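Sharing a structure here in structure tokens format.
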Amino acid sequence: MSMQYYQHFPVLSIMILFLGAFLVALFHKSRFMRTFITSVAVIGSFAMMIALIKPVMLNGEIITYWLGGRVPDGGYAIGIALEVDAVSLFFGILVSLAVLLSGLYSFRYTKQDDARDKFFTLYLMLAGGVMGIVLSGDLFNIYVMLEVMTFAAVALTAYRSWNPNAREAAFKYLVVGSIGSSSVLLGIALIYANCHTLNLAQISALAMSKMNPSMLLAFALLFVGFGTKAFMVPFHPIAADAHAAAPSSVSVLISGVFTKTGVYGIIRVCYFLFRTMGMPAVQTGVVLIGSVSMFLCVTMALNQHDFKRLLAFHSISQIGYILTSLGLCTALGIAGGLYHAINHTLFKGLLFLTAGAVLYSTGTTKLEKLGGLAKKMPQTAALFMIGAFSISGVPPFNGFVSKWMIYQATYEKAMETGSIGYALVTVLAVVTSVLTLASFVKVGQSVFFGEMPIEYQNVKETPASMLVPMWIMAGLCLATGLLPNLMFKYLLGPATGAVLNSPAYIDSAMGAGYAASQMPDMSLMADPVIVFAGAWKPLSWLLLFVIILAAVALASLMSKKRTSESGAVIDSKHDTFFGGEENTFSQVASGDLFWGFKHNMRKYLGFMSNAHNGITNEYVTWGVVDLAIIIVYCFIFI
Amino acid sequence: MSIDINTILMYLLYALVFPGLLFSSVFGLWLAGVDRKVVARMQKRIGPPIMQPTYDFFKLLGKETIIPANAATTTFMLAPYVGLVSLVVLALFIPVGGFQAFGGMADIVVVLYLLTIPSLSIIFGGSASGNPFAGVGVSRSMVAIMAYELPLILVLLAVSKAVSGNGMLTFSLEGITTYQKLNGSLLFDWRLLPAAVAMLLVIPCEVGSHPFDVGEAETEICEGPLVEYSGAPLAVFKLSHAIKMFVMTALFAALFLGGIATGMLWLDIVIALLICTVVTIICMSFLHAITARLKVEQVFKFFWTVVSGLALVSLILVWIGI
Amino acid sequence: MGLPFIKEALTQLFSKPSTANYPFVPREAPPNYRGRIVFHPELCINCNMCERVCSGGAISHSGVETEEGELITRRFFLGACTFCAHCSDFCAKNAIELSGDYHMVAREESDLVVEGTYLKKKPAPKPIPPKPAEQAKPEPVAEAKPEPKAEEAADPACAVEE
Amino acid sequence: MFKKIIENSMAKSPWLFHINAGSCNGCDIELVAVLTPKYDAERLGFKLTGSPRHADIVVVTGPVTAQSKERVIRTIAQVPDPKVIVTLGSCPRSCNVFKGSYSVVGPLDNYVDIDVSIAGCAPKPEAIIDGLALAAAVLKEKRRAK
């Protein structure tokens, strides 16, 4: 087997981040070196991931890299492997992109903080850990990286340690996260006891024929473990605390990247290791968890009064979409879920960065205190609106395409199984989407539009070095929404195929024919051809939009302009109308928007906000109860 | 796809004249005029001339546009145009009497989402004006959107299920009209009758007509999001409102009465336009004349219980396959 | 939720509207409507009672001295009038009357003014009784209305219609 | 031609904004009566709007009180051009019976130019229609003068 140059890329892209972390710690005195090393590390990692698109995505290669050249011997994979198939690469690209943009943003963003060298060390550790998880082919390595990632994330959450909320959030995160970590470890131990190997590919081949209660327990434990990392439903409150307290560029990583490792883990566990996703019971369970996450967190988000907390709850709501879609186990569902995963990274990254920009400029993210910033920060407001439209699925932005696929996938599944439950999931997804829109209207109204408090009279636009990564993300949001065909060709199609085709993954690591010799059932779990029920051609829409806009613009240019704008001194003509009152007397609190909705749902919302009481012990109890329920569910239905 | 000049011209004609910008504006204004006239007649009044919305539109074009000092100027000025254009584009996607200018570009779910863009343009435009009344109006408009979105998706899913037999799911509007051409209009399918009623109730909420015009309640919150608009942008919003009437009624006609086929395209189109007018009269003028404005929480409750219930009944009936 | 107006709306749709098509079909004011003030200066005896009772302060007068006497202009500003008809009630001579004309719309303030000018003759010099020359002009009016003007100090008004 | 259409539309679709500057509500009631089926001002294109930004005709009722003065002036300033200011009833024209009150600082023409006055206390709805029709004509004139 001749080694191509690009086969070293996976290991290099992980190592460059870790190396960067150590070097930053070494050269922590020099600001230039720190910036330089971090930039090189994140750009290098991203570039290597992009370079892998051609062989992995287009040529369908699966890169298996045995560290130290320890190839499998005697039918057992003893060495540590990095195995990059289309799924891994998909998540790798997503991760390295988010790390790159958020890293570039951090240089300026952390200017107001001290201990920046530690920030970048931890930042690169976190990035390296995530990359390690998605590219690794070894279960125990995944666990190690998971821990590296978790501890880096905990430290970064508490980075602004003068803030008591940050310390508390980090503590909660540590405690609740440890449930996940320990279940992953226990699951891995059980698997090792049964299969005598830690290699993902080999376990995938062996697990099916070795299904016994302890393996089932391992499945449940791994599922819950990775679910914790994805902050699926009973674990969601810690995410909210952590996102709200962490610096924004770290929130981008926690929301856009960290949670994706959970999703990635669930894909690996359900589609590869145990191949349980084909079972209706597992599908139902995952879709149920996904739908509950999706709806519950969006209603929680509507209740929030802090920009970043609100984003945090949306984050989990979007993860709910991804889980729902992946749980359907159809090609369309998987493609939709993966599409939503990358979209979520982009738009939620963008939104967290705008939240960071607001925090940077004004010093607060409390919705009640802010207002009218669009006048002072027009670019940030535009970026926020792009992010908000993307997340709430307004065409032609990217969130729409993936949500549209998810609706089709769920409804198609309903048609296939004849169960109206999946149809209701479609309805729930649409309702969640509109509630998402509502909560971003609330943010828009209370942060960027509406009345501006006097103390923000001198607020400046976000610095250019922070705007550039945000504009790149915004551009990508639009591009991924407008060019779904390219997305399918280069990323989603191969990744969907790879998710459904675990034998290829096994054979690549263990040698051709290994899967066939070990697996009782080699058939694909679903037909990998993506079939759409409807049509959506964003480019044609955009073309028509531009044509008609041009016509309207032409018509309006022909007429005489009669626009009257206010001068430097606000006269009463240009004052806002408030029954004739002076503008200074016209403050209306925007905190309690959507009264009509909240009034009708007051019992539910009251119950929810009482339940989320912030007591770590209770959150731990929820987690443990959830673990128990999932274990019982697995034992009853599988 | 071969591109020759005739095709391009034809598509331009579709986009700008029929059923695009010009036609949808004219027909929308006609519908708005009919609505006002019929409401007036039902209230024992003579009512304005049918041309009244047109006069309003042109008058507003001739007025001064004031940009409030508090407003985020770009969003404030751009929002109405974006809303108008996206509505016109949406009008191109909806088949009128079997005639669809741009087929295969958007399905019903896309239509559902494209419908939110004009509402969003009002919301963000109003929000950008920096007026507290607009703030309240924005909140109410958003609650109205939340209210009607649930029944609307239920209706769309029920229709989609009804037309997609033998395991093949279709969301496409062509699919729905084709099915109706073969099997008769869905309005005459008794299982879908509740859904049709629900749709008739969704239309006034989506358009923002009485009794569901909570967002623009001019007597309470000074027309809500539109409070700071004047001159041409306001004219554009009024025009969008009119076109929305056309789009929504045409959507109803396509979803439930798409089976009318006389063999002649122009006659089909005329019949479809007549249906649009009748639907406007039934679901907007009639409701306007007999009801008073609901409170915002009543609107929400009404749509999530009664209307959604109706749509859900249809969905269930269609699913259990009677 | 009751909708009691369904029948009403439907029947009205097909019946005649109850609108009075006003600007196109003229409309009379009801009897005893108190509209535009009509002032008959020839009847006025300049008692100023109307001015006193006018709550809105709509009535005023101004005078110009001439050799025949004081030429008094009584001015009713409809823009300040409450149309309470106190002035006409108190007018001993019925010189003020409120008509049924309600079209009181104006672009200029002067369009809302009702005026009347009359002459308040100089009082006849008491010690010198014969002064026949002055009586010549006001005679016809004074004779038309048989009024007890003898007691009044400033009496026989000479109406000069504007 | 386009100009002509706009001018004609001006006269056919005048929207009203009603300001109560301390009125006794008599005129307010009559103004609303104009919109009832009996008089139906809508057939002439009149419409009561909720915001001064939408209005063409500002209808002011009531003597201008000390409290309302600022608000009235500000609200009238917020109406986009061309605009017509109509006083409804005697009060805004002259303060009427409230003249001399410690709390009345009117009449309105101390502060803004009045275009059309409708006299009456309160004016008959027909008179209001007359006045509004006149105001619409003034509106068209103003637009032409621009």
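Should a chain be cited, it is by its letter among A, B, C and D, assigned in written order, with residues numbered from 1 in that chain.
The criterion applied here is as follows: a residue touches a chain if its C-beta (ideal position, glycine included) is under 8 Å from a C-beta of that chain, and two chains touch if they have at least 3 such contacts.
Not measured: the values here are computed from a predicted model.
Trainee: By label order, what chains touch subunit A and subunit C together?
Mentor: In this structure, the chains that contact subunit C and also subunit A are B, D.
Trainee: Work out per-chain C-alpha centres and flag the one nearest the whole-protein C-alpha centre.
Mentor: Given all protein C-alpha atoms shown, the central chain works out to be B.
Trainee: Any idea whether B-D or B-C has more C-beta pairs in contact?
Mentor: B-D
Trainee: Between subunit B and subunit D, tell me the centre distance in angstrom, where each centre is the average of that chain's C-alpha atoms.
Mentor: Centre separation, subunit B to subunit D: 34 Å.
Trainee: Once you find the CA centre of subunit B and the CA centre of subunit C, what distance in Å lies between them?
Mentor: Those two chain centres are 59 Å apart.
Trainee: Using the average of all C-alpha atoms in each chain as its centre, how far is it in Å between subunit A and subunit D?
Mentor: Computed from C-alpha means, the inter-chain centre distance equals 58 Å.
Trainee: Report the inter-centroid distance (CA atoms only) between subunit C and subunit D in whole Å.
Mentor: 27
Trainee: Hey, what residues on subunit A touch two or more of the other chains?
Mentor: 559, 562, 564, 573, 575, 577, 579
Trainee: Among the residues of subunit D, which ones contact at least 2 other chains?
Mentor: Residues 37, 40, 43-44, 51, 53, 78, 80-81 of subunit D each touch two or more of the other chains.
Trainee: Where in subunit C do residues touch at least two different other chains?
Mentor: 17-19, 21, in rising order.
Trainee: So which chains actually touch one another? I want all the pairs, not just one.
Mentor: Chain-chain contacts present: A-B, A-D, B-C, B-D, C-D.
Trainee: Would you pull the subunit D residues touching subunit B in the complex into a rising list?
Mentor: 5-10, 12-15, 37, 40, 42-45, 47-51, 53-54, 56, 78, 80-82, 143
Trainee: Would you mind writing out the residues of subunit B in touch with subunit A in their complex?
Mentor: 12, 15-16, 20-21, 61-75, 81-82, 84-86, 88-89, 92, 102, 104-110, 112-114, 116-117, 120, 123-124, 127-133, 135-136, 138-140, 142-143, 145-147, 149-150, 153-154, 157, 160-161, 164, 167, 169-172, 214, 222, 227-228, 231-232, 295-297, 299-301, 304, 315-316, 319
Trainee: For the complex, give me every residue of subunit B touching subunit D.
Mentor: Going by the criterion above, the answer is residues 36, 40, 43-49, 52, 54-59, 61-66, 133, 217-219, 221-223, 226-231, 234.
Trainee: Would you pull the subunit A residues touching subunit B in the complex into a rising list?
Mentor: 372, 374-375, 378, 381-382, 385, 389, 393-395, 400, 404, 407-408, 411-412, 415-416, 420, 423, 426-427, 430-431, 434-435, 437-438, 441-442, 444-445, 448-452, 533-537, 540-541, 544-545, 547-549, 551-553, 556, 559, 562-566, 570, 573-579, 583, 586-588, 590, 593-597, 599-600
Trainee: If we count contacts the way the header does, which residues on subunit D are in touch with subunit C in the complex?
Mentor: Interface residues on the subunit D side: 37-40, 43-44, 87, 90, 93-97, 99, 115-121, 123-127, 129-131, 133-134, 138.
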